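In the two complexes that follow, subunit A is the common piece, with subunit B as its partner first and subunit C second.
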Partner chain A sequence: MKKIAIYGKGGIGKSTTVSNMAAALAMSGKKVMQIGCDPKADSTSLLRGGIPQGTILDLAREKGDAVTLEEMVTEGFAGVLCVEAGGPKPGTGCAGRGIIIAFDKLAEKGAYDVFKPDVVFYDVLGDVVCGGFTMPMRGGYADSVYVITSGENMAIHAAANIAMAVESFHGRGYAELGGIILNKRNVERENEKVAELADDFKTTVIGEIENSALIAKASEQGKTVVEAFPDSAEAEAYKKLAMKILES
Partner chain B sequence: MLRKTGLEYSVPARGGWTIVHVGMLVPEAHEIFVCAAGCLRGVVLSAAEMNLTGRFSTVAIEEHNVTDGDMEELLIEGVSDILERLEKRPPCVLVYTSCIHHFMGTDLDDCFRVLGERFPDVDFVDCYMTPTMRKSTLNPDKMMRKRLYAAIKPLKTDENDVLLCGNCFAVTDSCDIKVLIEKAGKRLLELPNTDNYADYKKLGSAGLIISNLSVAKDAADELAAKLGVKSLQIPFSFGYNEIKDNLVKLAGAVGTEYDTFEADCRKADEALRAAKDVIGDCRIAIDGMITTRPYSLARLLAEHGFNIDIVFSDSVGGEDTDYEWLKKNVPGIRFEKCVSPDMRTYRYEEPVESSDSKLVQVQDNTSDNGSYNTSITSDNGNNKSDIAESFGNKPKILALGQKAAYFTQSSYFVDMVENGPLYGFDGIVRLSEMMTESFLNAKDLKKTLDIKGWGCESCI
Partner chain C sequence: MKQARKVLSTYSSDTFGVISALYGLGGLLVMHDASGCNSTFTTHDEPRWFGDDGLVFVSAVTEDEAVMGTAGDRLAADMIETANYYHPKFTAIASTPIPWMTGSDIDLTAAQIEESTGIPSFGFDVSGMKSYEAGASAALLAITQRFCTGEASTRKGTVAILGATPLDIEEEQLDHISVLLRDSGKEVICTSSMNGTLEELAEAKNAEVALVVSVVGIDQAEYLYKTYGVPYVIGLPCGPVTDRAVTDALEKAIATGKPVAVFEDAVSDETSKTMIIGEVVASRSLALEKGGARVIVPTQDSKHIAALLSAGDKVIVDEAELENELKSASDVYADGLYKFIIPSGARLIKVHHRAYSGRIY
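== the complex of A and B ==
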């Protein structure tokens, strides 16, 4: 089982990238689980074709220990197992604590032993602002962390922050930094800036996704580009990225 | 999420053991609580009261630790600092983490890994003081019983060693369990009987793990799995047939026979009869603190003619058969839940008299100690032995357990918790003796109930 955590600045394209990679791997025959670690609970929306997904927190709140794995996990496009951790309403509560509870619940119910996915993606929100958001990095969860960035300065700063967090946990048995994924915005010196970032953290740019209207068009349809436009160059790019991450 | 239970009353009978008392059963172990100062207050008083501050330390969490994100560092450095300062390095440290650690997802696995590397000569045991949350299906008591044995590592199995797991009190030498095990040529091991850490570690040689308390079952099963041996439950009971079934099971497991059932029943019956001769028809109140089987005890005593008035217990919990029997066969028996908020203003009232009235008439005759020495004449005209009475002309009530004593305000009570060292037919004999002794000799109710941790040393 390969477990991969994806971090990056809010709005950089994590969920889109992760969903497309999940779809690509599922289409190639892998059993994939995608766990959204975001109170917005929208990570897997492109995979579910409009089917609502109860969040772990909401389900745990309603049903306590009686909540079942089947309720927490929905099968989406190409059989991707979709899970949303959920969290408190915006502006209230503690989202980090919510992630902790969701992970505890999945472990308690034996999610990995029951479903036995080949690949697990943890799609983690925005900045790693507190301890709860590092749960996916911990021993027993992700093996590798990949950070998505563009060449925009704020995205690079966020990526650097996340990479520093990963570095600070060195020696704890946490996930290691697997690489940087460049999700292009076509800003000036984008490739060079992101390459510099990768150098600073002694890693590599493992893949690039071109800025494409087709990806946005598929999103408008509520689908991944792998589903909506399977023969497109964009779909091919996601497949290539996913395979590279899987094999690294 | 746990089901909401609402407001609960906590009876001021302090004999029950807390996680501090239970943890101290591990000989030479040092307890370190890592929590907010307000929470430390309670546990430090427990340790101080039992004169064990020398084996107790604290690390206080402050608000800035939460916001600064150095919870792991605080735990590691705090525990390290304590160990460096102690005159003698303890062989075992029980580190009690608190709600805030779990709320924040503190990486405790990593903390213990680092501590283990820094202090390879110390066994660190993760314990928990998390009253605001429960991370598993185990309540704090069950969890603490499990942690008691966490530092035990498998040794070469000695089939002659049988470990009684999870009890806070060692059984008596005459206890049915011990007698049977020794009859089989084997040895009974008990944590409360270990004098030092080396002896504690030797418990890892046990060839069979037995347990008689439901709170200890998970601990026993986990330890048995760790040692690669069998776990056998022989649940505590006052029912003759239940006791027999359990002793037969135990006998089979240790390779002998239980063939003294009739004789044991006779001894128990005789002991109960002797107690009844003294106690007569005095009302009896029982609680779920003196024993884990209050309804079973009530039934045993009722079957032997004792006047069972009231049972104070918070749940029937697996004693349905005895509970239903009592309701059917003991007219007028009362049941009260100790945790009900109404118990805060509870006043014991004598039951309404029936044709089976057990009321005894007494004469005031103050003795030197303030109790009443009287000659008792029962309502059938027979003289009984001189007894002391607790309050004026009112009938005396014998309370079995601290909570029963508190609610009935009786100075005549058997002071014991969680079955004490008792089990089986021998336990019934001893309890009968304790009942007689308690009936004849008043205790200082307030002073007794004020002492925390029955059986522990106290500085009060």
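== the complex of A and C ==
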């Protein structure tokens, strides 16, 4: 089982990228689980035709220990196992603690043993703002962390913060930094700036996704581009990226 | 109002359960907390504190450390320094609400200590919000898994007593069990973990049979059973009936090689006006001794509780529900602190439970 955590600035395209990679791998015969770690609970939306999914925290609050794996884990496009950790209402509670509770609940119910996925993607929100958001990179969870960024300064800044967090846990049994994913926004010196970021953290840019209207068009349909336009260059790019991450 | 308590107290916390289970085994024990845990535990829940040396500390985590996430590294440094001075046999950290809520990685801190000192180290990510059962179970299992390893060589006629902590068991009860076992021709080679040592715990795998005297020992008993085939008996001898039942059950477990609870065939009388409130193993054993009393378990933090109850017994943690249940009682066996909820006309027979009233009685 390969476990991969994807971090990056809010709105940078994490969920789109992860969902497309999950869809591509699922279509190639892999059993894939995608776990959204964001109170917005929209990570797996594109795998479910835009239909929202009940979150672990909501289900646990409603049903307590009676909540079942079948309720927490649903099947999306190509059989991708979709999970949303969930979180508190905006402006209330503690989102970081929520992630921990959700992960504990999944472990308690034996999710990994029951479904035995080949690949698990943790799609983690914006930044590593507190202890709870390091949960996916802790021992026993992800093996590798990949950071998505564009060439925009704010995205690079957030990516650097995330890479720094991963670096600070180096040698402590946490996930290691696997590389940077460039999700292009067509800004000046985009490739150079992201390459410099990768150099700073002694890692590489493992893949690039071009800025494409087709990806947005698929999203409008509530689908990944892999599902909506499977023969497109964009779908192929996601497939290549997913395979590269899987093999690295 | 559900869960509101007007007169009843709470049970000792999971944090204290961890420390109680490990106390006396020669470890450096730290409650990762701002302040207060240490004094509450030692003065109320730990009778050994007054007679034995014990390396029990509180980390004194500060608001600044909690907010900035630096408590773990500082705690590791403090414990490494202390461990290098005292040379404990192991170290253990039990979490509390603040580090638990802020997502502190207790396992990582324990790993840092072990890597630096070479001393086996444990992290228990308890919340301080569950009962002692959760912490004591986890600690007894972890320490057994770590130190009771290697090949086993079964010694005939030997018994390992499991699940014994002062939160549930009194010294006098332990003395009674020891005499009972000795008189029935058994040798106790391990008492985990009251009055026991790590070396004795390592011997538990060689026991012919184990006696589990409280629910917190069931996980460690299952480990010994699954790993080494040590069968176990669940029960607390507390009088002629249960003394006989326990000694018979020990022989039965040895003969069949399978676990057995002394009260598994006893059915509580749903109409009985005699009720017993307390830890499930002690209470069901007492019900067997008294003949048909109903058991009410006021905690819910062990996964084994439900399987140990019979029809007519209940888990009740809500005060109003308990008050209602007790209306039909004529005699109630319970800790003295329950006197505030016993209906007029009913008789309270006090059964001290340190996990509930500490050293008040």
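Please note the rule applied: the second predicted complex is superposed on the first by the 245 of 248 C-alpha atoms of A that agree within 3 Å, B and C clash if a C-alpha of one lies under 4 Å from a C-alpha of the other, contacts with A are read in each partner's own complex, and residues count from 1 in each chain.
Going forward, a residue touches a chain if its C-beta (ideal position, glycine included) is under 8 Å from a C-beta of that chain, and two chains touch if they have at least 3 such contacts.
Remember, predicted model here, so these are calculated numbers, not experimental data.
**Q** Using the superposition on subunit A, decide if subunit B and subunit C clash or fit.
**A** clash
**Q** In the superposed arrangement, does A:G139 touch subunit B (first), subunit C (second), both or neither?
**A** Both: A:G139 reaches subunit B and subunit C.
**Q** With both complexes superposed on chain A, which partner does A:G131 reach: first (subunit B), second (subunit C), both or neither?
**A** A:G131: touches subunit B and subunit C.
**Q** So, does A:G173 touch the first partner subunit B, the second partner subunit C, both, or neither?
**A** Once the two structures are laid over each other on A, A:G173 reaches both partners.
**Q** Applying the touch criterion given at the start, work out whether A:P90 contacts subunit B, subunit C, both or neither, answering first, second, both or neither.
**A** neither
**Q** For subunit A, which side has the bigger count of touched residues, subunit B or subunit C?
**A** B
**Q** Just to be sure I read the superposition right, which of the two partners does A:R61 touch: subunit B = first, subunit C = second, or both, or neither?
**A** In the superposition, A:R61 touches subunit B alone.
**Q** Show me the subunit A residues, by the header's touch rule, that subunit B contacts in one structure and subunit C contacts in the other.
**A** Overlap of subunit B and subunit C footprints on subunit A: residues 96-97, 100, 130-132, 134-135, 138-139, 172-173.
**Q** Would you tell me which residues of subunit A are touching subunit C in their complex?
**A** Residues in contact with subunit C: 94, 96-97, 100, 130-132, 134-135, 138-139, 172-174.
**Q** Tell me, which parts of subunit A touch subunit B in their complex?
**A** That would be residues 60-61, 64-65, 96-97, 99-100, 104, 130-132, 134-135, 138-139, 172-173 of subunit A.
**Q** Using the touch rule from the top, collect the residues of subunit C that touch subunit A in their complex.
**A** Within the complex, subunit C touches subunit A at residues 69, 101-105, 107-108, 111-112.
**Q** Where on subunit B does subunit A make contact in their complex?
**A** Spelled out, the residues of subunit B in touch with subunit A are 1-3, 69, 71, 103-107, 109-110, 113, 135, 137.
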